[in-house]
Structure formats: structure tokens, C-alpha cells
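Several structures are given next for inspection.
Two complexes are shown next, each including chain A; its partner changes from chain B in the first to chain C in the second.
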Partner chain A sequence: MHTTSWHSVGPSLDECIKCNICTSYCPVSAVTDLFPGPKYSGPQAQRFRESGQPDTPDQAVDYCSGCRVCNEVCPTGVKIAELNARARAQIAKEKGIPLRNRLLGRNELMGRIGHYAPRLANFGLHNAVSRFLAEKVMGIARQAPLPYWSTDGSFGAWFKRTQKERLHARQKVVYFHGCATMYYEPFIGKAAVAVLEHNGYEVIVPPQNCCGLPMLSNGEFAAAEGYHQRNVNSMAGLARGGYPIVGTSTSCTLTLKEEAPELLDMHSPDVTALKMGVWDIFEWLRELHEEGKLRTDFRPINLKLPYHAPCQYRAHRVGKPALEIMALIPELEIPESHARCCGIAGTYGYKTEKYQIGMDVGEELFQFVREQGDDVTMTACDSETCRWQLEHGTDLPSRHPIEVLAAAYGLYDLETRELTSQSNSM
Partner chain B sequence: MKRINTEILVIGGGATGTGIAWDAALRGFAVALVERRDLTHGTTGRYHGLLHSGGRYVVKDPQSAVECIQENRTLRHTHAHCIEETGGLFVVTPEDEGDFPDLFVQGCAETGVPCNEISVAAALRREPLLNPRISRVFEVPDGSADSFLATHATAQAARQAGARILTYHAVTGLLVTGGDGDKRVVGARVMDAVSGEEIHIHAAMVINATGAWAGRITGMVGIPISVIPGKGTMVAMNHRLVNTVINRCKMPADGDIIVPVHTVAVIGTTDERVADPENLRIEPWEVQLMLDEGEKLVPGISRARVVRAWAGVRPLYQEDYTGDSRDATRKFALLDHQRGHGVAGLITITGGKWTTFRLMAEKTVDLAVDYLGERQPCRTASTQVPGAEQGHYWLGHRLHEIEEEHLQGELICECELVTRTMIENAAKRNPTVTLDDIRRDVRLGMGPCQGGFCTYRAVGILHELARQAEGAGPTEEETKEGTERDAAWEVAYLQSPRHNLSADERPARDEAGLQPNLLLRDFLQERWKGVTPILWGRQLKQERLDELIYLNLMNADHLPQTGEKSPLTDFYLYDATPNEQTEAPA
Partner chain C sequence: MIDYLVMGAGLSGLMSAYAAVQSGHRVKVIAKGLGALHWGAGSIDVLGYLPQARDAVVRRPLERLADLPANHPYTILGPAAVQDGLDKFMRLTEELGLPYYGAEAAGENLLLPSPAGALRPAFLAPAAQSAGTASDDAPMLIVGFERLRDFYPELIAENLTRQGIAARAVKLPYELLSDRRDANTVQLAQELDDENRTERLAEFLREAVRPGERIGLPALLGLARHAQVVTRLALAAGAPVFEIPTLPPSVPGIRLFNTLRAGLEARGVRVEAGMEVIEMNAEEGVIRWVASETSARPLRHSAERFVLATGGILGGGFMSDHTGRIWETVFDLPLTTPQSRSQWFRPAFLAPDGHPVFQGGVRVNAAFQPVDAQGAPCFANLHVVGGALAGCDPLAERSLEGLAIATGMNLLKE
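Moving on to the complex of A and B:
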């Protein structure tokens, strides 16, 4: 199993000094007794786990949402969320993985299948009968905010179709779009390309597949390893060539940067090259801004836009770069949420037994949005599933900060989520 | 002064002494056992936890190897729940050259120790942290054992067979009749360490099972015997690191075993002759040596977190032997003082090792039978002690039981998963004079924080019990009931959260004299003693937090106290006197 490295996840349990700070911050154990808390399930329970025991010692670890609040607040550096992810993988290895978790782990496959006939797929998924069946048969909560397939074609198809219009320049940047942008929200990718080109960069979109995170979250480590290796094969050369690899999905970039190598104990030179070359798109734009190279020809956006930084930013350890960049936009008012988590935590909140926990966790955030007043018409967050959860919990549309930035450049319509004619003529 | 009459008086509540009480009681003798502190407080409770397959001795001490494999099989049946079937590996590291591995294989064959050579790759799959540069690996049926639980379960079995077990009763002298030439030991003067009461226990046979302290008892009747106290220092790592017992395949030496026992991995041991078996001071070089040697088996282990270091003293008996304690035999010594020294009524059993305690007890009672007359045959090899029906110990059982019974909110000691009711029942069902007694019962304070959090919670519980006990002094009827109830104590299940779902409903009368605040400081002092020798890195961070809790958050230094001492307050004080030998041997 993946426990061979002294410097990886396993030995970090030795850092725990039992202070319980993680327990007092955990958003999940605050709303349910089903999760005994990060210290309990992480460094504490880990001392009692061993493969091949007569019985699985603890199933409760499955209720960890993986939000990583614990990692952030831990004063001694225990990799608690990762310890929990590995414990889940061990249970999955011994007890098998339910079909539901396999499906949720393969959102790329689902995306691809649906995108051939998106209207049919949307109808097939989003009607009361099939949601009822999905809940009863598979345990996918009927109210949970599942995404809609793009009826406008995939991001990949758009990028290929508009190849002639794309900017060609000496400066190049690689874009990792992720599955959600590919099949459900191609407009995020369009906004990203528009912003990057507006700043004079040619955008390269190499062949890529799912980052593997949904599989890691559901304990399917062996499958995740294959996915990650294929991404490494495709992009390590670009990383070595010095091209920054940026992504709009904070969870995908985190997986490439850290989660996959660490959880899977993959430490080849290629894996490390990719890891070192990946950036969250706003982390990179902020760097650009610090070098004085980011264009700041922003139009004012007269809007009150509550912003929630997704949990993955904590693990990126880069602060809140999207907030810093959006703050440059004139007239844009951004109340910042300090809620711990929206509750969806990737695929966590989709599961029937965890849906209500996810909503209870998210209540802190929904409440914050409601408190901003009636003049709030939309919210912002960098992560796709968090946005869907935010929309579900507040009934307000939610946008990615890259959409906001593209709008500020006058390249994008925040309401219709379409590129403006100005950008098309670029 | 109280007087007790019995047939056999056993002195010493370690593995051997309780084993003798159990064996003799099963054969139909009236038995009393006295132990001056808690059961296992001496050497038994300070060993590394290895259930020997015998592999360690096949070359050097074949007789011991034969005894070990026989007892290994026996204890797996009689004390199943005290044993974890970890298996063991003997590995040849690059430093272990020569023909020892071949001698080892031959020795295993000759002594009947099952030994199976496996590939290095297979060994690394099983134990990924093992040194990849090892050249050969042999699999043997080693295991790990909980010597606290095993001794309590044996004592419980002895009680059920009618034996009286008196802890915190110290022998102050032997009762002797006759003069030179026909001296006979007829019992012992015993002092109740808690009440101060003196008791005379009269017995037809006194069995001295005090291990490294054996010379002190025989010295009371002028018999000099040479038991070398061989101090062994061990360090416990914060988590298991290995799940199989790892031995170096070479002549037994210092630091050549790693034993996964409960939640920790123990590296053992040094072996130093010391003058005084109470001298348990640990020198820095001993800790360093354990880590350096451990590094050869598991590279990187010296950078992992050490939770604690401790030392125990082996009783090594060798007539007229003055050499190095490592070279003294591990065979046990049964001394018939009537034949040897012309003093009747006294037998000494010493030497040996934990794995062979049952056999030692059997041989000892056999000798007593020579004088007291035949009763029933020995039955300990086939009789299970209470609790054995639970099957073998497995690492996750507490975690599993806590989850199944939803006890996460009941935890007092979070590191070792000890619930409130486990502590209450330990305090009520097992004689409790110090918090350390409860530690041995349920593993309170044995995890990473070394009592830094749970001590205060446990003391709160003891305060409650002490308050309930006030004015609940025992009536004569209750005392009689108490004796009967002692026999029904379920100490064998003390370590199981599932078996302690509800607190014992009996009145908390035994806890009337407890002084919880004194016990709190005693216990933290005792824990501190074991942390001091390894105070660096992550355990130093832990202790800093523990210190802040003690001094600032709880202000425990200013707790009201009566100024009295517990029987162990002095023992727990940190001894700063250096040993004779402060340098590592060349």
C-alpha cells in the first residue's frame, strides 16, 4: 500500500500534539455526531489501523468531507485530510467500492457520455423520476445540485472550432480546464482564454483527462493513479519547457500540484515537474500583476458580489488571489465570506446519507449571503461544485472570478455567460 | 495485628508469582500472594512485550528455545486475548555477516522452532519500512503480549480457584522457627502499605518469586544468592511502524528487536549490570544506542517520534557468575533452600523470561508438592484464563468497539481510547492506590500526550468516586461479600470498551481513602520520568503543551494537598544520581 515514504502522509501523524484545535474548527463534526472529528479519525485512529484486521476498525472516517479546514488550523502540520483519504482507500480496498461512488468518481466519463446528446441527458438526469430512482437505487440525494450538460457543445469543441481566431504569441500559457469546464461549463474556459489572450498570452490546451480527485475522494486509488500518470505524460514536457500550467478549477490544480503525488506516493521526476509547473489561474495572474504585467484596463462593475474562497485554496497555501485581483475592479463591492465550507466538498454532498450534513455545514455560508441584503443578485466562488451548492443553498446564481475578470475587461457578459462581440473580434 | 493461615505463600506479583498462585490454587492448595506494589510493578510490567518463538535463543541457549516454543503455543491458548499474532521475522542486515544465519536455521530445526525462509521482496511487501538492504529473512511464530492484562487475568483465574491476592502488601521479614541446622521458614511478616497494618501470614511453604529482588528475601534468613539485576532500556515509538516482530539474525545483543505491541513499536533493549534493581535511571547513550541499532532494521526510525523510554531489570541467576549480564543464561533457576542451604519451607524461583512464566510456575509448584504432598495434577497448560474466549488481541479492537457502541463522546484518554466507565470499573474492580495502577489496567495515559490531557479527567472521576465512598465504609457482611465479589471481578475484560458499557453499581467503598490531587501529581511525575530521557523534537513540543496545561490552564501546581505521600511518591521522583557506568561500553 501507499505507506512507504517517511516524508509523506503516514508519518505526519507523529506531529499531532492532541491539542484539538482541528476538532474545534471542523465544520462537519460541528453539525453531526456521525463524524467524530479530524483528530479522532486522523492521527488518533491511525495508530489503531493496520491492513488485514479481522474487522474494519472504523467506518466513521467516511464522513470526513475532505475540506481541509483541519490541515489549515493544525499548528504542527499533521496531514489530517490526507490521512483520512488514505483510510477511506483502505476501507475501499477491503470492502469494495459501491457503484454510486464509482460513478461519482468518474464525472469525466459521465460528462463525455452526456455531452453527445446534452438535452436528452439533462432531461434524463434532471427529472423527478430519475432523481427518485438515483436516490433509491444508488444513494445520490435527490435534491443535490447535480450539474447540467452544456447544450452549446464542449469547451474542447469550441476551442478547436475557434482555432483560427485564437491569439498566437511568443508568450504561451497552458490551460488545464478540468471535466466540469469541458462538459458542463465551457463558458468558464472561454472566459479564461479571453482573459489570458487579453494579457497577450497564447493559450495551449494539451490533451488531458480527469485529474483523478473524485476517485481519490472515493477511495479508488488505483484508478486515480492511471489518470494522473496520463496527465503527467501529456504535460510534464510542457512544464519542463517552462510553460506555466494554469487551471480554473481549484480542486484540479490542487490534485496535480499536491494531492495525487502525495496520496499515491508518486514521486517520479515527471510527476514532480508537473507538480512544480501547475498554478491556480489567479495565483498566476497575481504573480503577473506583481510583476506589473497584468492589464488593468478594467471597466467598473457596479455590483455587490459576496465571495467565498473554496476550501481547496487552503491547501494551495496561496492566500486568496482571486479576491486580491477582483479587488482591482472599480466599483465592485466584494463582501468576503469567512464560512468554513459550503458543505458540498466535491462529491460528498451528493450522497444521500451526507446531503443534509452538507447543507447544514453550508448554512454558515448561506446565512452570510442572506445577510448581505436583497440587493445581492449573484455570488462568486472559484470551485464548480461549491458554486452549484451555493446556488442550491441561496437560490442566487454564482460565478467564477475568472468570469468576473473577463467581464471587467469587457469581454464577457456575467448575466448570459457569453463572450461579448468585442472578444470575438480579438 | 491480623493473622492469615494458608498452605502456600507466594511473594511477588509478577508473571511468575501470579502463575504460581494460579497453578497451586488449581491443584487444590490454599494460596495467598503478596505483592508490595501493584501486580506487574516490577519487571513484568516493564518488558518489551515479545512473545518469544524461541528463535532468539536457538543458537546461544537451545534449552531456552525449546521452552519458549512450547510455552508460545501454550499461552496462545491459555491467554489468547493477551496475545497478538504478529508473527516475527529474523533479518540478516549488511552488518550481520558470517555463518550465523546457517547456524540459526540448523538451531531452529534442532529445537523445533518453526522457521521458514522467505524472499526479501516478500518481507518488504509485508513490512515496507524494513531495511531494503537485508539479504535473508526467516519467518518465525513470534508474537506480542500484554503483560499487564495477562498477569491480571492469571490473578483473576487464581482468585476464582480460591487464591487470595494481596497487592500493596510488602514483606518486612520472614517468620522462622528452629536454629542453625534445622531452620524452617513458616511464613512472613507483611505490612499493608496503604493502612500500615501488620499481618502475619503463616504458611507451610513460602515461595520467593521476587525475581531481581530475590536476594532481598533470602537475605532475611541469611541465604546469599547471586541474582544479577540486568537493566534493559527500551524506547517506544509513537506508532507501530512495523506490524511484525523484527529481530536481527545474529547473536543476541543490544537493540536488536522491534516489537509492535498495542499502538506502539518498542525497540529493545540494553543489558547492563546494575547494583540495585530499583535503579531504573536511563542514560542518554542507552537511548542513542536503541535508535542507532533500530536504524539498521528500519532506516529512518530514529527520526520518527519517540513517546517514552523506560527500563526494567531482568533477574539473571548464575551461581558464582561475575561476567557480563548479556552472557548470563536466560534459563530459569529453581532453588530448593532446604537442600541447598539447610533452610526448610522456602523455595526461590528466579531468572527465566516472560514467555516461560507458566512453565516456571509449574516446575516450582512441582517442587513444593515434593514437600507438601501430591494433590491434583497441574492443569495450567490446558486451562484458559478468564477473557481468553475473546480470541486474540487485534490492534483495531478498541477503535472498532468504540464505533460500534458510539462511545466517542465518552473518551477520557483519547490517545489510547479509554472510556469513562472503563476507568470507573478499573478503579472499583481492581485495587487502586495510584493512577498508575489504572494505567496498567486500561492503558490510561500511555499514548502520545503521556497523560497531559487525560490525567485531569481521570482525577475528576476519582474525586467523584471518593465522594461517593465517604461514609460508605464496609460492614462485616459487605467485607465477606467483598471477598466473594473479588472472585467474580471481571478484570479480564478491563481493556474492552464494549464490556464496560455501564459502570459497576457496587458502592465505591474502596475509594474512600483516595487523595486524587496527590495521585494527579504522582502520575504526571511518573509519566514525566519516562519522557525526560527522550525530550526532543515532537515529544518536546508535546511536553511544552502539557506543561502549559499543567502550570497555566489547570494551575495544578497549586492544587490543595494534604502534604502526605502515596506509597509510590518517592519512587516516581526523578533520580539524578548517575549510574556507575555512564559511558557506552566500548
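Moving on to the complex of A and C:
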């Protein structure tokens, strides 16, 4: 028995039957003439890309957001989004990488710099003058939903500070927080720790750095390789020891599982051990539930909560586990978005020339939320940048499903995004 | 655990899922990608040609089922079950707001214009296509658009005229459809969902049409608001409006897919694309789980029963290699397909008897369970539906959708 999936990225283009299904679903080519669509930029243009060739056949591939709608719908398994990512890296190699893309690729560095003086950094970044300058000098769109640094300290500091209160147990799980949780949204990490401990697991947070995805999507492959190798060095042993490594950032976990090994051609036994040990946190909780081990002592949440599964779930190819688990919560009504993409696609929608495309792509999602009626006060999505975009496009706050789950266990306040006293006394 | 796991999201998979959920079962559909329905014309072929008389169009398909071979899936089901499946399909699409119609003379095939202006037999067609039937003698105005690829109104009109159907052609500016430099049919259909665009197009149609004519347009009259778009155009132009299918991607096929998927989801059935089955596990002839490929570990799907709706060679349910070996990709089920390249094809490309490679498939018993050479079921809890079945040649017979509906809708039939 074999299937087409054993194909590596390159040869998969031979599977293309030119049906154009991918082009019909691509959310970017649906809103702009600047991008001809997956079939053209992917399998078709790829035939004309030779290594060492002085000019790539098309610059338009830069407009592919990497949302992977095309991969999902392609009936023959062509890895279109990966072909495009490699083509972008090739362009980056030939043309050099603009400062803006280097900065957007260094989410972690930005996070670390800002978190020493978050109020100052927030002011420095989020005022009209600097956003104007950022747009003019670097091409970071003035209106784009950039994050705010946590003024409450980083997730790492909290985790260290509360070591004594943390659960110690025989069953352990490793938590990969990612840069966004570390510096901008520590409350996501707190909710995750609360949920895991509530289910009887001790949480280990090993040394870790940025997963490297922002660099990968900006074509900086060499830098990304270093980042990934350091994560592998730190966590491959834990993976081998049988500890599940769970993450709340769907893009970080995807990078550790597949993006980094596949795009960077890293296939050492350690890289593979880590890949096989990593889970999206809800993918893992669903597994726990299927084994009958997930606690279901949920309090009802009387809320209508439109949910958008981020593009990265599509790339994980594990369905919508967060939706399946949230569906267990009594009284919670979850209209499911079928919008293709929120438009932010990592750092895509931050760029001046792509901001409007991102907003046009996201319109499908914003409209879905609006259609759910005025009683909707909040939305949910797993990915941090998507949530920021959702908030930007709908003016409603957005939550990670892990916050919703923690709230259903009575451990977390969805409004204030703080752990409840009950969780602290755990 | 769920009761039914359906593999494949083409028409046969969706129909099986519907049949199972209607009987109160918990059902999930997984698929590698989106296929079949996105290529087809969106109409339902039941039987266009018989294997023994490939050059004569079948006029009344259901009456000719008895002329099919004993191992044909229609024969295994019996004509009453085929009819029943089609009736259920019509009720379902009606309920979901995308009604399908047959010929006015009940039981006859419709003859509808193809994008080349040929007449193609179809048993059921979406409302917007059925108005193009050749049995109606109202002359046709075929409308195309400048720069719209693969749709040439002059060619269609000329070919129709040769076949005795009064038709003339007109080309309208592309800008009526879109301000984009280029767009495919699906994107154009979405543009027409915008009322202002529909209104502008309607004005041009009113100008172009002559009294008594009906207007044939490429099948891009709206996606989500299709019914409203067609009604609005017909009212404003003062003439019946019909759609002629285009080359893939097919908007009528995508409408049908979207509609059926939404109908299933409203009944609690998830349809997940991007999940390719790469592993299976069976104990003592009972399938325990199949696993689909993911970004890391394969994902297991356990169920009481499994439905294989992955299609044949064209649908992607079978694979082949250069030696001529052909195999079914999920369970490696025994196939009747010739396993030597020299026997795949007959010498003529358009061979009247079709090609053996497209006629083979999975042999099943009366319960549509795959069987081995001795006729014993390969697995106790597996059913096969649609294009993967042996004993038929869906393309040459023009029976693809009818087979999918009949076998899918009758999944739980005793």
C-alpha cells in the first residue's frame, strides 16, 4: 500500500492535474490581481525554477500568504504552499532580505527587548508618530494589529515565581509557550498550565527559543535553522523520554513538527524525535479525552462564541480538536467559521503593500462574525496573530480556546484574563 | 466512537454520510482533497449509453437498467432502490435550496448543451441548467464574454444550429463580470453574488434578447446567492435564463458540494478535507481504525463501520505504477482491473467499448461489501460505494453521479 504523500515537496508537482480547484479556493488570488494563484505560482512556475538560475520566473509568489487552503483542497496532494515558501526563500537569497522582514522575523528579539520596559515599549511602538515612521521607513502598515507587550511580566517570570505552587506529579507534560505567550500574552500560558495541572499533569517548561517560523516565512532559512537546532537540542531528549510536548501556538507547534524539518531539510534522528513528540495542546487533550482521561467537570458557560480555526490547523491536518473539546462545555454555543483565512497569515498582513489584501481576505471572517448577531461579545481562535487580526477587524475581544477551557474548569476569568483564586490554591 | 467513517467527499461519500446520519448514526467524513464534484457539470447522469450500444443515447434510463450486466452496481441494487435513491436526492436538494429537475416527460433523459454546443444526456439537472433542454423549442441566445476563456458562444450556437436548435450568439464586455484583469469562473460567480453587478448584467441582457428567446450563459451565475441571481436576471431580461457548464473548476459542481456539505454539517456531520488515509488496522476481518497522514503522527479514526468512497482511477481511489499494477489505496482490496499495461486500453482513443482500465474495480456482494475471489467479504464492516465499484464504466455509460447517489443513498439498505 502506498499513497502520494511519501512525495517530498519538489516531485509532488508532477501530481498536478491542472484542475484549478486550488485557484478557486485561494483567498489571496480571490481579492487581488497581484497574485495569479496557487496553480500558477506553485506547480506551474516551479517547472521554470532551476537552482542557480539568475532570475526567478515570477516575483508574484511573494504575495502567497502561506495559508495552505490550496494544499487542503488539492485532490492529488501537491504541496503547493511549500513550493511557494521555497520559491520565496530563493528570492530572498538572491535579492537580500529587507530590514522590515528581518524585524518581523525576529518576534522573539522584539519581545525580549520590549519586555524590560513594556509600558515604554508599548508607547514607543503604538503611537501615531512611530507607526507613521515604521510605515514610511520599513513598510509596516500603520493600521496593522501589532501586539502589546505584557505589563505584567513575562510568562517565564511567572512560571519561575510560582514554582512552589506548581503541581508536582508522576505524569508530566512539556509546555512550549512560544514568543507571543512569553512576552505579549502570558495569560495564555497561565491558562494552559492551569488546565494541564487540573488534569493531574506536572508541567515542565524547558529552555526554548523562537520556533523560527517568522524567519521561515520571510525567507530567512539560515537563521531559522539555528533556532530550530537549539530547540531540538533542548527538547529532543524529553521527546525520547516519552513526554508529550504541547504548545498553545498552533504555528509554533506546526513549525516544530513539520515546517522546519521539511523546509530546511533537517532530518536528523533528534529532529524527528522532536517532531513526533510535539502536539497542539488541543490535539493532545482530544487524545486524552478519547482515552477517557480528560476531566469533564465543566461549569456551564452561557455564551455565543464564534470560533475560527486558524490556517495552521489546516496544515496540522488534525481536524479541529479545539472545537471538539469546547463542544463538551455545557451551554456554550459555538458557531463555526468556514472563512478561509483571517488575512494576517503570520506577518503577512503587517506589511504595507499587503495590509489591504489581508483585510480583504479577512472580510469573509469578519462578516461571518457580524452575521452571528449583536449578542456576540467575544470570538475565539487558537492563533495569536489571527486573534489580533480578528479583534482588529471586528472590534470584539478574542480568546484562545485554552482560556475558554480554563474558564469552564472555573480556573480562569475570560473577561479579565486572570487566573481565579481557585486555581492559585490548587 | 462514531458509527460510520466515510472516506471520500465526492458525491458517493456525501450521500453515504447522509444516508447514515438520517438513520440516526454518528458519522464523520474525511477526504484527501476536494475532487469529483468540482470537475463535473453539476448535473446527474444516471445512464446515457448502454455497454452494448454505445452510439445510441438512452432515452429512458430507469427502464433500461434491466439491460445492464448482472455484476453492474445498478443490477445489484435493483431498479426500485435506484429510483428511491434518486427521489431522496431530489427531496434533499430541494430542501437545501438547490432544486434539481428531470425532463418534463418523466423518466426521460434531458438533452442539454455542453460548452462545445453538443447535446449531452443528463437525467437530473440543477434548475438553472434544466431550462436549456433541447425538448423545448424556444430559440436560444447564447451569451459569452470577451476574454472569458473556454466559453465560445459562436461555437456553441453554430453547433446547436447544426443539430436543429435555433441559436445565435452574442458577446458582452468582460467588465460586466469583473473589474479584475483575470479571474476564474468561481471568482466570477462570487462577483455576481453582488446585486449591483447582477443588475448591470441584466440591463445588457434585456438589450440583447429578442422576444421568445431564452438566454444561455456560462455557469457562473452566483455562488452563495445563485437562486436570487438567476431569478433577478430572468425577471429583468424578461426571458428564461439558463446555465451551460464550463470547463473545471465547475461552479454548479461546487454549489452542489457546498450545499450538501452544509446540509450534512447542519445534521452534525463533519466533513474534513486534507486528511489522506495511509494506514489501517483490522483484527479477525474487522477493521478497527484507519489513520490519516498529519504533520507528525498519523491520526487514528476508529468507527464501527467504514465506507470507502474514494473513487476509481480518476477519483484517486486507485493508484498505478509503470509496470501496469493497479491497486486500491486504502485497503489494497482485490480489483477486477487488468494488471498489465498492454490490457489497459483498446487501440482506438475513443473506443466504442470503452477501455478496460476504466471498467475494473472492487467486486462487491449484495450488501456492497468488497469480496475476494471466492466471494467472501474481505472485511465484515466495510462498504464500497461510487466510482470504485467493478462492473461498470461510469464515464462511457455516463452513469457516474447516478451510481454515486444510488449506492450512497442505499448504504443501509438490507
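Going forward, the second predicted complex is superposed on the first by the 415 of 426 C-alpha atoms of A that agree within 3 Å, B and C clash if a C-alpha of one lies under 4 Å from a C-alpha of the other, contacts with A are read in each partner's own complex, and residues count from 1 in each chain.
The definition used in the following text is that contacts are C-beta pairs under 8 Å (C-beta built on N, C-alpha and C of every residue); 3 or more make two chains touch, one makes a residue touch a chain.
Being a predicted model, the structure only gives us computed values, none of them experimental.
Placing chain B and chain C on a common chain A by superposition gives a fit, with no clash between them. By the touch criterion defined above, A:K95 reaches neither chain B nor chain C.
Contact with chain C, but none with chain B, is seen for A:G319 once the two complexes are overlaid on the shared chain.
Contact with chain B, but none with chain C, is seen for A:C16 once the two complexes are overlaid on the shared chain. With both structures placed on the common chain, the touch criterion links A:A60 to chain B but leaves chain C unconnected. When the two complexes are overlaid on their common chain A, residue A:Y40 makes contact with chain B while staying clear of chain C. In the superposed model, A:R49 makes contact with chain B only, not with chain C. Contacts of A:C74 after superposition: chain C is touched, whereas chain B is not reached. The overlay of the two complexes leaves chain B and chain C separated by a minimum Cα distance of 5 Å. Touched by chain B in one complex and by chain C in the other are residues 1, 3-4, 19, 33, 36, 76 of chain A.
By the touch criterion stated above, chain B contacts chain A in their complex at residues 128-129, 238-240, 243, 263, 300, 303-305, 394-400, 403, 406, 408-409, 414-415, 417, 447-449, 452-453, 538, 541-542, 545.
Listed in rising order, the residues of chain C touching chain A in the complex are 32-35, 38-39, 180-182, 184-187, 190, 248-249, 254, 265, 270, 272-278, 292-297, 299, 316, 319, 327, 329-332. Taken in their complex, chain A has these residues touching chain B: 1, 3-4, 6, 11, 13-19, 33, 36, 39-40, 44-50, 53-60, 76. Chain A contributes residues 1-5, 19-21, 23-25, 29-30, 33, 36-37, 71-77, 254, 257-258, 275-276, 278-279, 314-320, 336 to its touches with chain C in the complex.
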